[in-house]
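The two complexes that follow have chain A in common; it is paired with chain B in the first and with chain C in the second.
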Partner chain A sequence: MSARYDRAITVFSPDGHLFQVEYAQEAVKKGSTAVGIRGKDIVVLGVEKKSVAKLQEERTVRKICVLDEHVCMAFAGLTADARIVINRARVECQSHRLTVEDPVTVEYITRYIATLKQRYTQSNGRRPFGISALIVGFDYDGTPRLYQTDPSGTYHAWKANAIGRSAKTVREFLEKNYTEEAIAGDNEAIKLAIKALLEVVQSGGKNIELAIIRRNQPLKILEASEIETLVAEIEKEKEEEAEKKKQKKSS
Partner chain B sequence: MALLDVCGISDWLKEDGFNAKAASVDKVNHFSFAARTPEFAVPVGVDPAKFLKPLTDNEDGVNGVKLELEHGTTTLAFKFQHGVMVAVDSRASAGSYISSQTCKKVIEINPYLLGTMSGSAADCMYWERVLAKECRIYKLRNKERISVSAASKLLANMMVGYRGMGLSMGSMICGWDKKGPGLYYVDDNAVRLSANMFSTGSGNCYAYGVMDSGYRYDLSVPEAYDLAQRAVFHATHRDAYSGGTVNIYHMQEKGWIKVSHENVEELYHRFAAEKK
Partner chain C sequence: MATFFGEVLSVYSRAVEEEDREDEDENEEDVEIRRELEEKRTVHLKWCPEVSQAIEACSDKKLFCSHLIIAAGTNAAGFVSTFILNPARWHPVGWLALWNERNRGSGLKNSPPAPGKPGCVIYQQKEGGSVLICQCTCYVAEDQLFQWTEKLFAGLQKRGLTVTVLSDAPIAEYKTADYLHGRDVPFLCALKTSAYKEVVNSPFLEQPNIVTGLPAAVLCHCQVHGIPAVLYQNYSDVISADSITMEAYKPALTLTKSVKLEPPSTAFLQKFTRGGDVHDNLYT
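And then the complex of A and B:
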């Protein structure tokens, strides 16, 4: 039955599905994992770096993009679609600054991106954007925010979320481990993001790219060496945990 | 065409009558605070600016007919330590005919925003009501009140689309927002200025004289009421196109209040009695 209703984007199926939008969500599930965490004074974005070919310049593959000084986003899905969305979002951020003389709030730019995506699900001759985005940043009153959008054009605020391949695993990990003490400090929040990604990426810190925004500071992309240091710390903590458990058992 | 739409170019193409109907997907819409509001579209083939220019700029106009677009009124506003004072007269004139002595020249956009009007009554009333509509929509969409700078920017952008086409509006947008008291002057040339004191209209020079001689940032509230009232009164006394009643508003942190509306005749007798 779905074969007759999945061609045109503007056609509902008899049981109320927009198949093209659902297929777009499948495309997102094929993309590399991205995780976002909202701390108290910091927001963290982490993405799984796909291994690059030998001759490819690593620096040209960037999945975390700045939308404005205080907002950035990571995406999962079709990179080319993301480029268009990011371009439009950047222009809208500046247009808002020009007209309203205030920087965008994270909710505003998320709403703009979500509206853009929704418009492409309701017109002929176009297909939906095949990306989900995690948008993080600080509003001008200092509140940290994390939002997620999907190809259907809906958006929600989250404390922590993951998108892309193995998003379910990562989200379950976060649900178990996102506690007040886990995000008590900036370092803790960063380590939580790395721990979440380590659940699903192969071969550890080399395949992780991490970016942070602290309140009133621009986006910072962590160097590979910094990530390695944090991964080493996490390994040590894990070992100490295991040791403690063993001692408890034996005593 | 889909490619043109994705690049956003068809928005520009439709200006010169080209029939590229911009797909609704990419049309400039409410998020972009479009310079040209969709209320008025100048019809294709008509160029109001070219039509108007010889009538206003040439020495003898066209066939001896010259249009002088003056702003016949007196309005003023100034910021001081306790907020913003707004004072206006209430005379509407059509040439040398006084069409109304009880005209409302302050539009109450919301409890924290006021707009004054000088110039063509029709233009002011229309565009400031459009501004009020935009402010209400902004509040519904963004769940917070629009800032004074954004509201004045919206009005200025509306004016930009009709530059040279003969609009006549000199307005002051006053309000209190997160950044504190705000006062902006916006006019039909899309000039938008922020300062502590403005006066517009044909009587503005008289009002400036009185205001400048009595203004201090640290005025008390009764002193500020008195200064605003005197400034407009003296302007109505000397300017033929200003008169009627002096309406005074005070913009405070918790919103504006209407202070007084006194007929200039009574003010004349009161000030005359003071001199004795």
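And then the complex of A and C:
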């Protein structure tokens, strides 16, 4: 039983578990879904928008944050922990620019965030950060990148991934539908992200927020109307496919 | 007290006589206070006039009931409200009024608890079926559990009665060797009395997990009196009303012929579960 091994972060259980780290991963599952797609000339981050209280300013409830002009991230999990990690990452991005006169690579800033998270899994009296992050951007050589970090401090590069509630369902969808064809163009990559989110988001396009970075361009957050247009296009394509299948069956 | 895991907890024990308790010093005033407290903590069962008449009309002054469904907890009550208790077909016919430190509101003996307020309300089908549904959303203290159960069952005939209890439980209290790679939350675990012979639609609750509180009191009563009863305990990681946790109760009643589960409207479900969500800024 885990009762004695989850009290202090620095204690291994007899079978090698660090329970606090594993519990932190459960905290991530309480956040809403975020999906990241790496296209050829574009990287896309899509998130399920949280419902905002009536008197709350919507623009202060954001899951997608800019770390530097060419890098941004989406997170899932504890809001306050995310704020701390994002602030540290932003400072590191500028510090890097000042000291080595170059913007950070996506891998560098991901490694920085992951190292920060790992440090908190090996300190006494501190608990791990309860967030997972999807970090996207372009390196200065123009290569698009997508990385994912988790509370244990591990990070990996991905072609497409999802975090948060229902991440498993979205990942399974991506595994089936992420093809060279599906990311052939910018629009296709954006539509793939929307389709992936529509698998798990209730009430469609209203609850989706999308951000894109194109090579050598700053982050753009899509307007609600643009998302609605894309959702309408996706639904039309679905109907057309269903019609085709019906015709095939009848012939 | 030593627990299963070897921890020693200090708890109050009636088996040990404490030396500083001097009963001779208890005067009339103390006795009076004690009596008033006991009276205040009495559980009262009230039926509506039609049901009271029906009970009077029976030879043994007990209501015939073929299936009693007890829903204990926010999500159990929510499940029953959204999937079964269609106001066109069900109406409240009784309630249990009680008072304790955590539940000061539902002590009204003369009027049922207001909708949305904690309480124990009993529903019956309008055309007078033999199914009763008891929704319990208030806290019943340990010392009131026995009374609650006795009073409820005292008014029902034992013959032909089957009991189903639906109860919420926090996943943090679920003990298993393989904590994290077990089942997806929420999930159901069942316990039944020896008289219950029907199919149980979920795995049984394994040791060392135990059931406490109202569901335990009901199940004990049914076991002692030979009433077929089954308890479905729903382990969930959400403490407020949640549609996914509510839907997890479906297997408990899908095979039951006495009640039909109706798919709820999304709007109704959202209204029911909206309370906690919007102000929860802890997770994004």
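Heads up, the rule we're going with is that the second predicted complex is superposed on the first by the 251 of 251 C-alpha atoms of A that agree within 3 Å, B and C clash if a C-alpha of one lies under 4 Å from a C-alpha of the other, contacts with A are read in each partner's own complex, and residues count from 1 in each chain.
Everything that follows uses one rule, which is that a residue touches a chain if its C-beta (ideal position, glycine included) is under 8 Å from a C-beta of that chain, and two chains touch if they have at least 3 such contacts.
Because the structure is predicted, anything quoted here is derived from the model rather than measured.
*Asks:* One more residue to check, A:Leu78. First (chain B), second (chain C), both or neither?
*Replies:* second
*Asks:* Between chain B and chain C, whom does A:Ala160 touch in the aligned arrangement: first, second, both, or neither?
*Replies:* A:Ala160: touches no partner chain.
*Asks:* Touch check for A:Lys63: first (chain B), second (chain C), both, or neither?
*Replies:* In the superposition, A:Lys63 contacts chain C only.
*Asks:* Looking at A:Ser32, would you say it contacts chain B, chain C, both, or neither? Reply first, second, both or neither.
*Replies:* second
*Asks:* In the overlay, answer first, second, both or neither for which of chain B and chain C A:Glu92 touches.
*Replies:* Only chain B is touched by A:Glu92; chain C is not.
*Asks:* May I ask you to name which of chain B and chain C touches more residues of chain A?
*Replies:* Of chain B and chain C, more residues of chain A lie in contact with C.
*Asks:* Does the superposition put A:Glu101 against chain B (first), chain C (second), both, or neither?
*Replies:* Only chain B is touched by A:Glu101; chain C is not.
*Asks:* Which residues of chain A are in contact with chain B in one complex and with chain C in the other?
*Replies:* none
*Asks:* For the complex, give me every residue of chain B touching chain A.
*Replies:* Against chain A, the touching part of chain B is residues 2, 6, 23-25, 31-33, 142, 146-147, 149-150, 153-154, 157.
*Asks:* In their complex, what parts of chain C are in touch with chain A?
*Replies:* 5, 175, 177, 179-180, 237, 277-279, 281-284
*Asks:* Could you pull out which chain A residues touch chain C in their complex?
*Replies:* Residue list for chain A touching chain C: 1-3, 19, 22, 26-27, 30-32, 50-54, 61, 63, 75-80, 82.
*Asks:* Give the list of chain A residues in touch with chain B in this complex.
*Replies:* Touching chain B from chain A are residues 84, 92, 95, 98-102, 105, 108, 112, 115, 119-120, 123, 125-126.
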